[in-house]
Amino acid sequence: MLRFLITVVRRDVLLAVRRRGDWLTAQFFFVMVVSMFPLGVGPEPSMLRVIGPGVVWVSALLACLLSLGRLYADDFRDGSLEQMLLSPYPNSLLALGKALAHWIINGIPLLLIAPVLGIQFGLPAEALLILVLSLAIGTPILSLLGGIGAALTLGLRGGGVLITLLILPLYVPVLIFGAGAVEGAMSGTGSEAHLSLLGAFLVMSLLIAPWISSLALKVSVE
Amino acid sequence: MNLYYYASPATFYPLAGKLIPWFAGLAVVLGAIGLYISFFIAPTDFQQGEGYRIIFIHVPAAWMSMFIYLVMAFWSAIGLAFNTRLSFLIARALAPTGAMFTFIALWTGAFWGKPMWGTWWVWDARLTSELILLFLYVGYMALQAAIDAPRRADRAGALLNLVGVINIPIIYFSVKWWNTLHQGSSVSLTGAPSMAMIMLWGMLVMALAAWMYTIAVSLARSRILILERERQTEWARAQLEGQA
Amino acid sequence: MNWESWQAFWAMGGYGLYVWGSFGMTALCVAGEIWLLRRHRQRTLDTLRRLQRLNQQP
Amino acid sequence: MLSVADLACERGERELFRNLAFELEKGQALLVRGGNGRGKTSLLRILSGLSSPTAGAVYWRGQPIEAVREQYGYDMAYIGHANAIKDDLTPLENLQFAAALRGRQFDSDQAVEALAQLGLSHCIELPARALSFGQRRRVALSGLMLAGALLWILDEPLTGLDIDGVAMVEKLIYSHIAAGGVAIMTTHQPLVLEGVIQISISVGG
């Protein structure tokens, strides 16, 4: 079981490494979207500090959705997905592995870039720490929930836009708790409550999302 | 005669046809009573003047928008569990009406907010949740529209519906939490200072009217969907010829 | 009775625009949905009948 | 080994087949015939467990395949229209991941051997991107030799293969059946399997 999970993750990571160009595109998308905001609202430091956490978080959602469209699509097109679904192991394990791989490939780089972008927005050091922490708890949720959307829209026309439509509303709690944690750290009201709620949501997603993704995969491949 | 008898499209189709006028009639009668209560019986509110009469639509529409999503999720779950095609169709037929009530709730919320708060849109917890609910409805309908294979459309929609319904309480809670942190407006639509008994009655009657309306409209819509799906079968052919 | 005249009824104590804007939009939505549903039904029936006639011809 | 009772399948509103029944024993091959769009691929996908039939069931060793999903996953190998070959991996890596995902042991010497047997020894180190369609088909088919599966379900295995390739695959299938395996295939090309008990069914009107 565990070996299967590791194989799924290792395979996706290896494929991402072999296709570095695609992977870099998603990371640069994140950096660029965040950098557009100061140009749009003006360079006022106090204003930037207020919108900073929200901007970074919204951009993280978008960057995540951008790469989610391809989570199952490539494997679906070349037939590997069918082979994986026929494996003797539960399909929810496959969905979990896929989400985990997506987080390693796209989520972890986000964590590393975010503090740099936070500095651009003049966030204090403590807030930067909370920003990374909230992203560390929050981005796996994005990958897990997004996996459901990716499975549902598999092979559909305009799947990329559709997945945004389906999944973005489900991301609302992550955005609120995530950005709220950073704001709480900055305003001194504390961020523990936000982070623990985010953690609870992560646990719930871990329990439910792989299972629903596997059902969705079955429906879509049939 | 059992449950499966009514679950068969061939029996459901004529049955629905017979029921629609009754529900439509009830909707009209209840709607008329509700309007009478909201304009002629309910007294003027001493704080909000006549403007508060908007709640006689806003609150029932908001109730219905959430209720319909729950009912859809119920039918989706039944469909997935027992593999009954009819339940998926009912869920699908309900969605546009649910989206319509969500839109009405948002619209009337805005029209109530303008005179009371001075702006058309306020990010208060109720309106924000309503907006996200509208997104959920739109996502559900967009997904079904994008899938051509009926079996896949049914099941994919049902799964999305269920994910949505699990998420709604979390979304609602998070929005409320967010709203209190950012000191949202303290005035709320339902928390009007003197919620008189008659106001509650007005809202209840209007909600019932909306409910009957929803049943009538969704039955009519599911009839169309059934006919489209079953056009190859004997009874559907006979039906089409009979009405020609 | 709340209203002394029709004029007062339409004015809604100064809230006319908002009250009637809300009720009007609701009426419009309901009417629009029923109209769309009828059109949908008519079109579906037409298409299906045409298909059926097409199939009957050998 | 594999039996099917009362199977029916619909796609869209169209009924593809109904009341389909057959039984396969060790050392038998089933050839599914039928024109384009008659439901051959749909039947094979149902037999593999990828899709569910409208009615009826597929039994493996007397049990419905959903009930013995895990065992069936080990016992069955399926090759569909798509080759499940990743462009960015070498043929050897492709086989390795395919084996690991199906929970099978992988021996790289054996894999090199299998690839050589289908005439691919010169492209073991190349990324699959550089291979032609027929060569990718051969990579996918060479996976069968490593799978150790009792039942092969092959959808158009000969598509894209040249004369040599067809001969190699025929030999491959023949030796599998001779060793007591079971094979289910669709093909438009004539397939020569001398001395093998073949059952042919046609699907669709």
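Going in written order, the chains are labelled A, B, C and D, and every chain counts its residues from 1.
To be clear about the criterion, contacts are C-beta pairs under 8 Å (C-beta built on N, C-alpha and C of every residue); 3 or more make two chains touch, one makes a residue touch a chain.
The structure displayed is predicted, hence computed values, not measured ones.
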(request) Could you say which chain's mean Cα position falls nearest to the mean Cα position of the entire protein shown? (result) A
(request) Find the chain most remote from chain A, comparing centres computed as mean CA coordinates. (result) C
(request) Between chain B and chain D, tell me the centre distance in angstrom, where each centre is the average of that chain's C-alpha atoms. (result) 48
(request) Report the inter-chain centroid distance for chain A and chain D in whole angstrom, where each centroid is the mean of the CA atoms. (result) 37
(message) Can you compute the centre-to-centre distance for chain C and chain D, using the mean CA position of each chain? Integer Å is fine.
(response) 56
(request) Let me have the rounded angstrom distance from the C-alpha centre of chain A over to the C-alpha centre of chain B, please. (result) 32
(request) Two or more other chains in contact with one residue: find those residues in chain D. (result) none
(request) Quick one: which residues in chain A touch 2 or more of the other chains? (result) 222
(message) Where in chain B do residues touch at least two different other chains?
(response) 231
(request) Write out the stretch or stretches of chain C touching chain B in their complex. (result) 1-3, 9, 12-15, 18-19, 21-23, 25-26, 29-30, 33-34, 37, 40-41, 44-45, 48-49, 51-52
(request) Within their complex, state which residues of chain D touch chain A. (result) 45, 48-52, 69-74, 76, 78, 80-89, 97-98, 100-103, 127
(message) For a test of understanding, state which residues of chain B touch chain C in their complex under the given definition.
(response) 39-40, 42-44, 49-51, 53-54, 57-58, 61, 96-97, 100, 103-104, 107-108, 111-112, 114-115, 213, 217, 220-221, 223-224, 227-228, 231, 236-237, 240-241, 243-244
(message) So in the complex, the part of chain A that touches chain B is made up of which residues?
(response) 145, 148, 152-153, 156-159, 162, 165-166, 168-170, 172-173, 176-177, 180, 189, 197, 201, 208, 212, 215-216, 219-220, 222
(request) Would you pull the chain B residues touching chain A in the complex into a rising list? (result) 80, 132, 135-136, 138-139, 142-143, 146-147, 151-152, 155-156, 159-160, 162-164, 166-167, 170-171, 173-175, 177-178, 181
